[in-house]
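There are two complexes below, and they share subunit A, which is joined by subunit B in the first and by subunit C in the second.
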Partner chain A sequence: MSLTDTPQAEVTHGPAGTRATSLAWTIVSRFLVRAAELVGFLVLLVVALFLLARAQGDPAAVLAGPEASPEDVEAIRVLYGLDQPLLIQLLNFLRHFLFFDFGTSIHEKVPALELALDRLGTTVVLCLIATVINVAVATPLGLYVGGTGGRLAWLRKVVSGAVLAAQGVQYYIVGMLLIAVFAINLRLLPAIGFDRPDSWVLPSIALAWLAAPRLTRVVASAASQVYGSEIVHTATAYGLRPGTIRTRYVLPNVMVPMIATAGTQFTLLLSGAVIVEGLFGINGLGLLLVVSAQNFDFPTLAASVTLIGLIVFAVTVISDLLYRLVDPRLRRSGA
Partner chain B sequence: MANSDQARPSESAATLTSVSVVYRRGRQRVSAATDVSLDIPAGRVVGLIGESGAGKSTVLKVLLGLVKPTSGRVEIGGTDLASVPPRRAVALRNSIQVVMQNPYGSLDPRWTVARSIAEPLRAEARRTGGPSDSAAIRARVAEMLDRVRLPAAKAESYPRQLSGGERQRVAIARALSVRPRLLVADEPVTALDNVTTAQILDLLDELHRDVGLAILIVSHSMSVIAHLAQDVYVMRHGRVVESGDTAAILDSPRHPHTAMLIEASRFLDEWTDGSDLAPAGAA
Partner chain C sequence: MTAPARRPRRLLTSRGVRSSLFWVVGLGILGLTVYYHGRGHAPQRIADRLQGPSAEHWLGTDSVGRDNVAELLAGLPWSIEVSLLATAIAAVLGTLIGVASGWYGNWWSRALLRLVDFEVAFPFVVLAVVLIGVLGRGQLQIAFVLGVSLWPLVARVVHGETLQLREKEYVVYANLVWGNGWRVIREHLVPALMIRVAVVSAFVFADVLGAAAALSLLGIGPSLETPSWGNMLAEGQHYLQRAPFIAFSSALALIFLVVFVNLLADRLARAVERSGAALAGAITEETLVTEGSVRS
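On to the complex of A and B.
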């Protein structure tokens, strides 16, 4: 029986782009898409903040305080334009928002944005350190749990179970235990503040606990798929050692789900920072958010929420670009 | 087309002797291969056929070192793998290369064609202490692309930019780059259309004839085996139920399962394109 010998009949899908062109295209296209998304995001944030102020009751009464007379409340209402129709108020609010003019903090009597910016650095540093711990713990553990075979296969099951158990322990409980053990009993590390490198340790670990077990499971699941793939079977056939296979094949292929998850988890860490900052007495944005909400300090609340929103947005953009950098499949796929 | 009259070389590319593989699933023991003996002579094409779950993949994994046999002996080029140090065993295993079933899954999507083909060469260079990024490797990559009849311009393409047949050619080029004595092709045409299947089988046959490459082709299709293999092993429920010369077995199968496989393939062939089964070398 004869077989055809015309391989030219096979279909191809266009020329291969160079890496530099592909990368430039990625950055420009993603920037344009994200810029459009940013506009939409900010409009939604403005409306949400506007509604939030009205949801607290009469904003004039809140701004005037509980001791104010009806005349004082009315004066505040006129002063801040709260006597205007709702649509005019929204447009005024939008105008102030566009210039990041959130007004003066009712509680601290300083510009609200200045106050929030002053606390921003602490929270970002706390979340960044927690992210580093998160990735540093989850990557090796996930690669190990997601692996197969080996002499200590039973240990893999034990570690896998421990990760699952760790996910069930709340991070603020861990924070309290860390304070009890390392600050109170052993007196090794401070329990309060965030002003020295040694004071970063306990709150960062507590916060990282919120994300690390989940990220470990994501990495393990992705690694398990890659280990079972034909790519790894083929690499094993040409004699690569397990360590080489791990670093050259498995790790790069788990980077995309890992970066995507870690990026999403940064938002989770920002919300967790509210509790951790309260637990460790850290003057960060999270604590400011809680205090301003308790005091009905709407200008500060609005400034804090806006800054957190912008951080979340920036992290999303960065992680989006990062996983396109590590995976050429996503560069021009439009995914 | 392979020639069944070709002289059978005495040297063996790989041999499995009484290999059994038992997996443990919790407290249960599942036997995936039982007392499998299989010989792949140098320069010969051997087919391994069976239904899904017959144990073909397990045998293949044992041969590639992906699964350790529970019992039995694995010899490569006449050397028992259990009797040599691990480094020597890795070098011996490197003389067996593989082309996997799924052309979409066997190439790293992050790498260009050139890098994929160069990878086993670099692995070999690292193991032997040779240069890992030399002009020799680039030249070998170009030679391999030509060998599998892919244009040189494809070297900088990514797998997603290739058709299924082209990817399978890249996988073959990658496997051949380190000059293996045995190529294991695990259902290499299952995921391909009929025309591309014919082209890939033709290419494998040409490689066998031109460079004397031994090939173990694993398939659940008797048509594929008939086109390419001079010898065939039929597996069922983890055991080899029949083996021998492909033409003889196609002509008069002794085991009912073999007869059933032949009949099923014949039926499918007639149903799809009207072709019939013919032993390797019959054309």
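On to the complex of A and C.
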């Protein structure tokens, strides 16, 4: 017995080793592909912005202000190198751009990257809180909607319909409703700002509304698949309690689509954050983006857009790793 | 075998599709009627400003005394035109690039697809805000920007579908017989794709309706001389306490329209799935959200 056991053990050990390296390779190669996508997209976007901004107006005139004399405008044009051919300007800009040097904000007169980095934290915190609310609401709700049996079958239908209806209600309308009820009528929570913990509540709920109904439906459809599978039938036949089945068999199987969706939804939340920040007067990256877009503040725009691209990149990589961590099958196959 | 072009007609007779189509088309016709009736805001009566609902003004009046019902009707054409235009841009751009990247499997089409991948991952409101800042706030500009921000949704679906269709026998044989890829695309591929494009476009349409109104909230929507539901909502935000009916009526109208467009899209998608015209599985809002991340 022991003679035949040893080579077998070695045989199973061999492929496991190669699997481990192929997993590392998959992760690294995905990371590199994502990074290349990020750089390619950002360069394209920034070049397009650069050309469009130049087609729209004369940056020297904007910099000089409305009361400047033609000589002043000319001096500024020379000072900032705006008198050179467009192609040279573009190449100069790209060279700086690749080293995260975006120049000075035209409107605020401070380095654009600093300005954007200052606001970054607020937006990320807002989106993270919204993600937590999103997952905390959608997981139990989705497991309930996707489940079967129970005494109140009609209730499940009602909840499922409510989720569908909630999806049609825009999050900014929810935000306005929250302001009207909790800030104006009940005077419980502040309607403006993001500096105190109690001011986090309303914007985060409004933002989470953007993602939660969809996530609930994703979790529900995954859960109903698991509930129909043999795993659950067997567990039920063994007499396990519904609660045990839910936490031990259904939940782990729902985790992968849930994390994948919640990860993609972070982008959706960044989109929504721009509008929620406007609605609640939060000084985040979104509001900075709106203000600098209106002021033709090109360096600040480039810096903010780049930072947002980096967040998206980080979130994609993290959720990529996270669902491998959660699902051992993906780890082994290296998919 | 039924020709692919016949299928849409059969779909329209399904009950679920028909009832939601009724509302959406009804509102569209209403919008066009108002359009021919004359553009611009409803008449002002400053003495009647900020009123609640009454027999004379069913949903109250706004800050310069316009009747809210009349103002909703006046704002309808703008929203519908922008959404139609933006959806058309997204559909055409998405179809072109989706077919190109699916049919020709060469390096530039793969690079194009990578671009799509990242644009799906990039927050589209950020893109729209930046582009509107540069291009301006006219109706055409807003429609263009929203269309350009949302086309990857269409491109993704079209790409997946093209990959499947390319392997179909009638497409392979047509390609062999004609030896002309462009003709095969025009006569076989695009007609077969149309129904899927229609389904995604319906989802895009709903997204544009919501996003266009959100732009007004940020103060970068259409100018205030233009009546639109977003402008009404933005105004209502300032009068939440004194005249909640401005926000209430525009919000309700927006929710109503978006929900029905979404229902229409959802039912259309299910009907397509049942009829067997869909090859790559049903499009639902979930697939549009998740497909961006779960790539094998």
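Annotations for the structure displayed:
One rule holds in what follows: the second predicted complex is superposed on the first by the 242 of 335 C-alpha atoms of A that agree within 3 Å, B and C clash if a C-alpha of one lies under 4 Å from a C-alpha of the other, contacts with A are read in each partner's own complex, and residues count from 1 in each chain.
We adopt the following convention: contacts are C-beta pairs under 8 Å (C-beta built on N, C-alpha and C of every residue); 3 or more make two chains touch, one makes a residue touch a chain.
What you see is a predicted model, and the numbers here were worked out from it, not measured in a lab.
By the document's definition of touching, neither partner reaches A:Arg77: not subunit B, not subunit C.
When the two complexes are overlaid on their common chain A, residue A:Arg246 makes contact with neither subunit B nor subunit C. Look at A:Arg324: by the touch rule set out above, it reaches neither subunit B nor subunit C. Annotation for subunit A, partner touching more residues between subunit B and subunit C: C. Once chain A of one complex is fitted onto chain A of the other, the partner contacts of A:Gln167 are limited to subunit C, with no touch recorded for subunit B. When the shared chain is aligned, subunit C comes close enough to touch A:Ser221, but subunit B does not. Looking at the shared chain after the overlay, A:Ala235 reaches subunit B, while subunit C stays out of its contact range. Contacts of A:Arg119 after superposition on the shared chain: neither subunit B nor subunit C is touched.
For subunit B in complex with subunit A, the touching residues are 1, 61, 64-66, 90-91, 93-94, 96-98, 100-102, 105-110, 112, 119-120, 123-124, 127, 149-150, 153, 156-158, 160-163, 165-166, 169, 171, 174, 178, 184, 195-196, 198-199, 201-203, 205, 227, 275, 278, 282-283. The touching residues of subunit A, counted against subunit C in their complex, run 33, 36-38, 40-41, 44-45, 49, 52-53, 56, 165, 167-170, 172-173, 176-177, 179-180, 184, 214, 217-218, 221, 257, 260-261, 263-265, 267-268, 270-272, 274-275, 278-279, 286, 289-290, 292-294, 296, 301, 305, 308-309, 312, 316, 319, 335. Touching subunit B in their complex are the following residues of subunit A: 1-7, 9-16, 18, 229-231, 233-240, 244, 249, 252-253, 326-329. Only residues 111, 114-115, 117-119, 121-127, 129-136, 210, 213-214, 217-220, 233, 236-237, 240-241, 244, 247, 251, 254-255, 258-259, 262, 285-286, 289-290, 292-294, 296 of subunit C touch subunit A when the two sit together in their complex.
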